[in-house]
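Listed below are the structures to be examined.
In the two complexes below, chain A is the common chain; its partner is chain B in one and chain C in the other.
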Partner chain A sequence: MSQQSVEFTASLLKADGANVEHSTEDWLKSCQLDARTHFEKCPLPTTSEEEWRFTDLTGLYKSTLTPSALDTPIDPSVVKSFLIPEASSSVVLVNGVYSPSLSTVSSAQTKIRVCNLKSALNDAQLKVSVKRRLNSLEGDGVSGFCEMNTALFKDVVVIHADSNGNSFETIHILNISTGKHTFNHPRLLLIAEEQARVCVLEDYIGIGGFGYMTNAVSELSLAAESQVIHVKLQRDDDSAYHIAHTHVGIDKGASYQNWSVSVGAVVSRHNLVTRQREDGGHIAIKGLALGHDKRIVDMHSCIEHTKPHGQSIQVHKTIAGDRSKIVFNGKVKVHKGAQQTNSSQQNRNLLLSARASVDTKPELEIFADDVKCAHGATVGQVSEDELFYLKSRGLDDDLARNLLNYAFAKEVIEDLPIKSLGAVIESYIRDQTKI
Partner chain B sequence: MIIKNAATILSVHNLVASIDGTQILKGFDITVKAGEIHAIMGPNGSGKSTFSKVLAGHPSYTVDGGTLEFKGQSLMDLEPDERAKLGVFLGFQYPVEVPGVTNGSFLRLAYNTVQGARGKDELDPLEFDDFIQSKLSLLGMDASFLERSLNDGFSGGEKKRNEILQMAILEPTLAILDETDSGLDIDALRVVANGVNTLHGDSDAVVLVTHYQRLLNYIEPDFIHVVDGGRVIKTGDKSLAHELESRGYEWVLDENRSRAA
Partner chain C sequence: MSTAIDNIVNQPYKAGFHTEIETDSMARGLSEDVIRTISSKKNEPDWLLEFRLNAYRHWLTMTEPKWPNVRYPKIDFQDIIYYSAPKSKATKKSMDEVDPELLKTFEKLGIPMNERAALAGVAVDVVFDSVSVTTTYKEKLAEYGIIFCSFSEAVRDHPDLIKKYLGSVVPYTDNFYSALNSAVFTDGSFCYIPKGVKCPMDLSTYFRINTQDSGQFERTLIVAEEGSQVCYLEGCTAPQFDTNQLHAAVVELIAMDDADIKYSTVQNWYAGDENGVGGIFNFVTKRGLCKGKNSKISWTQVETGSAVTWKYPSCILLGDNSVGEFYSVALTNHMQQADTGTKMFHIGKNTRSRIISKGISAGKSNNSYRGLVKVSPKADGARNYSQCDSMLIGDLCGANTFPYIEVANKSATVEHEASTSKIGEEQLFYFLSRGIDSEEAVSMIINGFVRDVFMHLPMEFAVEATKLLGLKLEGSVG
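And now, the complex of A and B:
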């Protein structure tokens, strides 16, 4: 197993070797080279590691992947069907690379800057922020996949938000994979300055792609009193491997709201680390994972309260059908001195089939004595009484079950700030929870 | 109302049913004709609620014998939804709370499913809104009911009203109302009873399952059946209810025991 991971790691580096296009920026060059060195020494994780014991990546490690082609033609009308009306800017990446022709970046205002790495480095002021924040991964949860992304990313989507009154602008980042057995390493850097407000949809799809690997890293930094809404929708192709690391740092009184919805890929793993860096701050995380066929969906979240008066609330719901395997590991760390932390975590899992499985592990590490930390995890089936009630009103078995599955998931998606996504996610639920 | 030569809606003969291996119904008989209102009364644990659940097709119960016919058709092998489409309606004693399912959209879904099965036109959301207004006012409910999750956080009275609202839109030929009066205050009881009386006509039938005579002051039954030990042990007209109210069940049970001896 481990040998497979080592060979896979080596093959990726070799495959990518010819394409490495190092920046003219020395700091960036050394950052990517350091990551490369580190990643060479420290291969990708396998199930023999505690943190990855349920995420079986053998299928990925056995496959031979090549770098994605950088100039894949793509039908703009297909891309358009995935766009959302709420977005003022749509940033389209094809195989990890920014596509200017498919993207629509609003230039109407200057408070929120959306650009690729090259443009960001051409702006003297923005360059300072990028240099400070890029690859400053916060907290734990970092794995070899992060290093791999840092070593091999081709571009970075940079979002820089200044204070802009009360309005939330929505930015859609659409990551499209088109390759067969290819890999790509999307990277996002979001910097919210004091009192800035912004809503970001990080969206992953496959168009024509098959058996590819998406290895994404997103870094978000929230300055004091800023508010960020971050929706991650993972709807990669059913044959794809999706690995994602999201690292969030939160300053005084800032608010971070995350929705993580996972309805694609054959194996997906999301490490979501949110770290309170100063006094106060509010973290809200809602998750939904659908398991069908033989899919593995693994969510590892870590909420770190390092300073007093932090608040966090987490609701993670999953529906496991067929022979799918769903994993939730929810860590909440309350550091020494982080008094009056108020944290709650709920994990609810619905099993639709006798062959599906759920592994759930709430993990609380509390080193302060004046805190409130609630947590709960349940695994259950559709209630026979609810089913009978709906059927006694004329709904057939399939329809009644579908309705109950949707009702179960609804808590997570009903207050999604991007309204048009509600119907999109609902259709995934209907399609993927059929008996 | 007893109508001469009315069609038989429900015919149950020697019905035997069990749950988890325990026999609850032990030879249950009842015949209900169009236009009639029947009341099934009896002490706790006599099998009243079991009968209503078996009739609606609850999967936890096993039918071990006897016949169960609705308008001449056996219900035995039919799923609960198939029975509902034919026109059987069970008003639940404890309506199930289903958070996340909006009452309004559920009612429209149920209505359209049943209408479709009966070969009638389905209604779009706007048409359904118009259709349901009169039904809501019949039960003294306002439109905000439709926005809430199905029975979620409803008071006892609201749940029962919602049951009768469902009866109003599904227009069943046979409505079995299981303890519809339990948990209702006098005002709510009046509203619910008035709803049932308004909905009931010559071509359908109502079976009330109840503990108390109180409901029967508002919905006047044509027949009263006393159930004990999973069987109907006495049938009479509405005066029987008054007698039960004043004398309790014991004398009927005694009468039955001495007959058996």
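And now, the complex of A and C:
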């Protein structure tokens, strides 16, 4: 651990000062204090740690960050341009804090509750669930940044879904950062009860912000036979640091579908951990990362098959252009006794520029014998034959390449259930993969 | 089916015997004095002593690597005898002069030496503990200008070559165990193939660890000059002991323009009993440098022994159009642990590498593949293909894959695939229905599984390795 990381850790704790206005709850207070003590002892990771070897955060550690202002005015029309028509509820967080004026939470649907931590704690029934599920992070993929979020979060978006028939309701959570060299710690807690169905879009943008750090933690708990679609779109400002941890717990027969798209920030890191809590369960993870300019995009996923009959399928595609660096670490762990696991993973990387680089490590750790596991990883460039085919039909070199890059990335988002979002992501692909 | 699996798994170690020979051992422990003593006993020149001392001083500043996926008790480096040589040391002109006990040992292992060597067409440089006892075929090889001798002889007779190449591929600063080896290595093999020479026979070294608690620190150096070709075989067996023995060898290969080195290993050292008591710690640094254009280095290994294996034969593909290959079968059983794989560094243009790794885990063992494919920014047109397959026998063992792929050149093409499987009931049923009993069926399935690797072994080794796998897994599936 470097001196810089230690100093940065201390400065963040100092800058934050007084904390948690809503901590009337003792358990919550002690949970935040514990995290704080723990976080003080183990500072943030550096490249000397195996898990963070390729993600150089020196730039972040060198900067001096202050807490975000809590009452930044934002033009509602700007916010509106980012909202998606499919969403029945839109939750807008400004610098990690719920903004009631910008959010529209549908009250017609009683099966799905969307609220902030304060209102959740005022509801006796919801409080029990929140208390049970909040901060249940464990195992691989937990880092100092998680502890930091737990210690310093100002609010939590709570989504509680009860069984609601066959319809998928879409909830858009828009995290807006506005500060210059500030930090914020958005937190999401999603609890899907038995047979519930819900689609959540976790969206990160910067409006007027610069050099800020978003340190997000999302916890999702899927009860038996529930179905959750979770889309995470990271389109933070190009100067921002985006660190995110997603932890998913999966009960019997539940299905978790994830799309993780990274098209912003100067350094971004996403730790995605899914863990089977019971027999069975289906996990599908699709990832897309675009490397542009000097960006570092890092995705660390860990699929933990702890119980029998689990299924997982993962596709992660990246395009590295300019001087960008793409990192992927895809771990699949099959624990003792997790028989009949069926897991496949595919990682494909496209290198566009001579100065871009890709570091990938698909890992398999298997401790059960009756399983089917496979992974594949490739690093390469656009095929000359395909290029020739397009050129022979009159496309110039740049356009042909752009089209092939686009097609390569498109596969990931083709079956994205939020159609309007598909178009948004497509425009990012077109912009950021130009030669 | 489990009884037959158990039987194969529980096959006792067949090469486990201990030869009583008077040995000249030094006191336990490591210090500058010990290194000076080793050096003076071997009448080494000053520059080599200097090399050893520098390595030792550097070693003192290092710590043992913690990253491998293996667990073992802490090694007390002061509790190891760093030098032991059979006492009867006068130069021998014929096999009759060799200690008969020693010959018996070789006989039990079925090593072709002397006449048998001639029949088998293999020149054997036998390393018994640390000092080469006899070297055969030297004259015949000398006709071609090939130097194949023990490391100590090479230091005496060809100091310029040793000075030039020693530590040039694996510097003593490389890692903890290579530093230790550089400080205390006692002997090993040296091989030099001059320009344009195709080595007329496969060169082979058999290693045996004999004296209890004597760590073995071999040093192998192979230099293949422009346009030359050599095939080198290395095989290991060790008698059964209860205390863990450390083996930290260093192998360096250098291939000049158009040279071709093929290095094959069959490793079957004592793996400890079924409760993990005893067994060899095998911490080896093997690296080949494809220095010249169109050079090629190929590693083939069959790892079936040792309690703990930590070994990554690597290729540095420096010359344009150079080729690196790695074919490996790693079998672990009982409480064995293996963390093995390869590293391919693509530096030159149009360099190619190919990795085929097959891991078989049985019992309570843990088998990891750890590989690195690194393409540097200047390695235009680099190409890699990796395939790592694992097979699990029983539900108490583990199989892991940790492939690191680091690419910094856009014209590179890197592919990696891995799969894990078990011997399916359906496959066994298919064999049974055709009158093949389950044990033979399993052996056939496993032979099919490792075929891609075994076909790269020299003929004699392939036969030996097939037998070895059979022995190791006898009765393990049923």
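FYI, the second predicted complex is superposed on the first by the 427 of 435 C-alpha atoms of A that agree within 3 Å, B and C clash if a C-alpha of one lies under 4 Å from a C-alpha of the other, contacts with A are read in each partner's own complex, and residues count from 1 in each chain.
FYI, contacts are C-beta pairs under 8 Å (C-beta built on N, C-alpha and C of every residue); 3 or more make two chains touch, one makes a residue touch a chain.
Here the structure is a predicted model, which means the values were calculated and not measured.
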| item | value |
| --- | --- |
| Combined model on chain A: chain C and chain B, fit or clash | fit |
| Chain B or chain C, by number of chain A residues touched | C |
| First, second, both or neither for A:Q195, with chain B first and chain C second | neither |
| Which of chain B and chain C A:N258 touches, first, second, both or neither | neither |
| Touching partner for A:D385 - first (chain B), second (chain C), both, neither | first |
| Touching partner for A:A354 - first (chain B), second (chain C), both, neither | second |
| Partner chain(s) touched by A:Y406 [first = chain B, second = chain C, both, neither] | first |
| Partner chain in contact with A:D396 - chain B first, chain C second, else both or neither | first |
| Overlay on shared chain A, then closest C-alpha pair between chain B and chain C (Å) | 14 |
| Residues on chain A engaged by chain B in the complex (per definition of touch) | 383-386, 388-397, 399-400, 403-404, 406-411, 414 |
| Residue numbers on chain C that touch chain A, as the complex places them | 67, 375, 377, 390, 392-422 |
| Touching residues on chain A, where the partner in the complex is chain C | 50, 336-337, 339, 349, 351-381 |
| Chain A partner contacts - residues on chain B that touch it in the complex | 56-60, 79-81, 83-85, 89-90, 92, 95-96, 98-101, 106, 109-110, 113-114, 117, 149, 166, 170 |
